[in-house]
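Both complexes below contain chain A, partnered by chain B and then by chain C.
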Partner chain A sequence: MSEKVLMKGNEAIAEAAIRAGCRHYFGYPITPQTELAAYMAKRMPKIGGCFLQAESEIAAINMVYGVASTGLRVMTSSSSPGVSLKQEGISYIAGADLPALIVNVQRGGPGLGGIQPSQSDYFQATKGGGHGDYHLIVLAPASVQEMADLTAKCFELADKYRMPSMLLADGTMGQMMEPVLLPEESDVTVEKPWALTGTKMQRGHNIVNSLYLKPEELEKTNFDRFERYKQVEENEVMYEEFMMDDAEVCVVAFGIAARVSKNAVVEARKQGIKAGLLRPITLWPFPSAAVKQAAEHCKGFVSVELSMGQMIEDIKLASDCKCPVELCNRAGGMIPSPEQVLESIKNIAGGKA
Partner chain B sequence: MKRVYLFAGHYGSGKTNIAVNFALRLHGEGKAVKIADLDVVNPYFRTKDSAAELEAAGIELISPAYANSNVDLPALPQELYGLVQNHSFCAIMDIGGDERGALALGRYRPYILEENNYEMVFVANFFRPLTRTAEEAIEVMREIEQAGGIAFTAIVHNSNLGAETTAEDVKSAAAQVERLCALTGLPLLFTSVKEDLAPEFAGESILPLRLQKKIID
Partner chain C sequence: MTSRILIAGFGGQGILFAGKVLAYKGLVEGKQLSWLPSYGPEMRGGTANCNVIISDEPVGSPIVDTPDVLIVMNLPSLDKYEKAAEKGSKIFVDSTLISRKVERDDVDVYYIPATKMAQDAGIPTLANMIILGKVIKETGVVSFEGMEDALKKVVSARKANLIDVNLKAIKAGYDYE
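== the complex of A and B ==
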């Protein structure tokens, strides 16, 4: 039989996390992410792992904080309203310099919103979300295969830089089914000398904490942390370019919006319009250099988003507003059509934007 | 030939596609058919996605009022009772995935058992990660039976990798389905394959599937 399996995006995240060595999952059910928790509930007891349905999202993220401080790979997952509830805990985890994975399978908002797909948590994911100066490494999958691959990558980067990472998907990516070649079981052991594993009377105490009584000390932790963030920005940017070499119109889109946009780019090329797609895979760090380079040879950008326009700000920043950026969007659980994207491409190509 | 067909299985095994295509086949054979969506767990990709096609064929679809909407409210419509109490047509019931989905079947169980003219069908896809073998499939079957209160009476083989599926993929899973039939003592009702693969299964009992429209390539 084929080595591939047919999986929902949510399941692919769960299985990939297990294969990456994650044995602790804490969460609270919410549509359209629930299959992830359900999968963990089935699998974790069979492999000696821990699945715990917490009493709330706030409890779940603090359980993640606890396990993360021991250096074990740990995760939680939710959808937009639930991820808002987790923000305090995420800020603590970032402040304590701990690796952990938070998955957000976004749905429409604000408020209780709805259960259909959305990308309107871009600001929350990439600009902090909770209080204080911090970043998450944010990866945006655009296929079920990437739901698996980028989950493994999230754990790897979180460990490498001692910071929480987020997999930012949307309801469609979570619910759709595609064939997946699952990643191998990870046997990587990462040295974590800072972890709370018991001194065994052989070393001094390790302390995991985000409280500093002296402002000078707290300032230093902030400066040190941002030195690490700089390394992430220098080393870990990921993006995909499609037909960008001679492009005059650069469509920027991630996740499900990138799949719609790819169809529109192909159609535009058929009609003689030189369009290309730049798909950020890391949303933080944002592929600013690639956008800047595109601004050198493109007439303008189209930002395709399932939101009222959030990533568009990063495109404008990265391109120094050298050329126009048109927003092509739907919101509240709706998805832009390839025709709508094509219309925006034509606006930019014709200098109408 | 039974009056009521209940399609249940692991979620993502293909129940909805099979239920819709089976309803269309029975309708094509001149039978009066109604189809019901009993899925209370799946938010997207539902029987209602085929509403236009079913309506065009003249097949009545009974689905929850909030299916495919923004409301996460798993309420079942009262019309469902008509399906199990009125014996004058064929009823196809698309049960939600796993034991959680099958729980909704419980309230219709007494009528179905009393009439005793049903087929409770387990849909098996051995390319799903939690049902890779006959033994794992049996585990899911037992959980569904416990939740829905009706024992399986037949198996449908629906091993697939979505749009990428080849005839070889389906045939490579045949050993598992034979084993599942042997271990459970249940007959294989048919094998379902994408309609373009159907010619490669000449002589076998096949339900060609026209897949539900995909919203994204």
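== the complex of A and C ==
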């Protein structure tokens, strides 16, 4: 039985990835995720792994593409502007049906933006980001413990469905320290008959590719891929409900926004307002059924976001706009206060929204 | 009980380290906790602060907007956070570096000449540990007993020889009247 240790979120991701069997990391430094790369630089050479600081984010994601095609667990990490640079490679990895992990410790944007925490890459992460029809499995940790646990989960799901996954965190999650119980070393070996491992003259060639010049063939790859996406949507949705049983106001928030919102919900309850929190853990697939169910018994929703309002669109879609959805947000690296969230809860409770 | 602690000063004073010592002591005592640093492009000489929450309950937001324990080690930090402190909170001031008094009268204030004490004791870089000792004494957020176990976790093995002197500094603050 191992004991709890105190770690930064960024370090917890790195250690959890190693324990999940990841031995290849490619990246390029950027605040606020640098501790992750630094941890890998220190640890990988000691365990026979590969840490490589690439010449750019674009190079790094294409190295990930290369290793992923051999079937080995591989990852890269960056923060918002760097993840934008990786989008072409991510689209290729999705198009070639390869598992890989991309970590985005978000900071304020657009452009070079700032270095303080943000959630404004929600659209980019959940709606595509690169070109073409594809999805990433997107997990949103709300504690250092989840930074570790969901890293392992990202690898597992990516392998299971042969698609890239993204851990979508933010600057606070990356920088903060909390006690964490690190996951055990995983010795899971996933069969990957498609991997480029050399034929040893005993099988035909495997081909990893995202180029299909015949539209009929390309269409089929899209249709097949979306069949798999359907399975992900049916089987892998994760969320946490807090005081939702009798809730009249449903606060929806993920990551750091969920932590702040929890304080606001507790305070609202103290004041006699029946508030609850629905925290999506998978952002794609979005917990639409849970939102829809909440819409049946709630007066309305509060979407708490560190952005100008992105997840709010998914809440409106999932609830068929049956009740009002108020946006409670800060942007550019600022974080909403519990008081601000409480104010929005009161607006919905009082029918003011 | 939940303690929401804000530590602020210049970069280089060991603000983040002081927070870490508290956090590790909380960990050793089996408490729930979070430690959140300010992070920015600034290095030594800039401002630094860190938020530490130590609680018997799971920690919600790790952000400390209204501290009930405020530790300030330079004037800009006192100017910035004095108003933010909760009514009835405890404010710890390094009186070597901050000559003015706290203006509020609804808080408990402790003035410790931590920087001078550190210089006099020949440990000029450990004013942070001296003030931390006083914080532990007056707030009981963590106990003084077993401090060495926490220090062993914070101080890397390479610098293990520094544990004793850190402990000495914490003790000096703890005993300061």
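Basically, the second predicted complex is superposed on the first by the 351 of 353 C-alpha atoms of A that agree within 3 Å, B and C clash if a C-alpha of one lies under 4 Å from a C-alpha of the other, contacts with A are read in each partner's own complex, and residues count from 1 in each chain.
Throughout what follows, a residue touches a chain if its C-beta (ideal position, glycine included) is under 8 Å from a C-beta of that chain, and two chains touch if they have at least 3 such contacts.
Quick caveat: nothing in here was measured; it's all calculated off a predicted structure.
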{"item": "Overlay on chain A: chain C relative to chain B, clash or fit", "value": "clash"}
{"item": "Touching partner for A:I115 - first (chain B), second (chain C), both, neither", "value": "both"}
{"item": "Greater chain A contact set [chain C / chain B]", "value": "B"}
{"item": "Partner chain in contact with A:K42 - chain B first, chain C second, else both or neither", "value": "first"}
{"item": "Chain B versus chain C as contact partner of A:M334, first or second or both or neither", "value": "neither"}
{"item": "Touched partner set for A:C321, first chain B, second chain C, both or neither", "value": "neither"}
{"item": "First, second, both or neither for A:L181, with chain B first and chain C second", "value": "neither"}
{"item": "First, second, both or neither for A:M308, with chain B first and chain C second", "value": "neither"}
{"item": "Chain B versus chain C as contact partner of A:G171, first or second or both or neither", "value": "both"}
{"item": "Partner chain in contact with A:P32 - chain B first, chain C second, else both or neither", "value": "both"}
{"item": "First, second, both or neither for A:L6, with chain B first and chain C second", "value": "both"}
{"item": "Colliding region between chain C and chain B, picked from 81-89, 99-107 or 117-125 after the shared-chain fit", "value": "117-125"}
{"item": "Set of chain A residues, in rising order, touched by both chain B and chain C", "value": "4-6, 31-32, 115, 171-172, 175-179, 256, 259-260, 262-263, 335"}
{"item": "Chain A residues within the chain B interface of the complex", "value": "1-2, 4-8, 11, 15, 31-32, 34-35, 38-39, 42-43, 108, 113-116, 171-172, 175-179, 182, 256, 259-260, 262-263, 332-333, 335"}
{"item": "Chain C-facing residues of chain A, complex", "value": "4-6, 31-32, 115, 171-172, 175-179, 256, 259-260, 262-263, 266, 335, 337-338"}
{"item": "Touching residues on chain B, where the partner in the complex is chain A", "value": "11-12, 41-45, 70-72, 98, 100, 125-130, 132, 160-162, 164, 169, 172-173, 176, 215-217"}
{"item": "Contact set on chain C toward chain A in their complex", "value": "20, 23-24, 27, 32-37, 39-41, 59-63, 65, 153"}
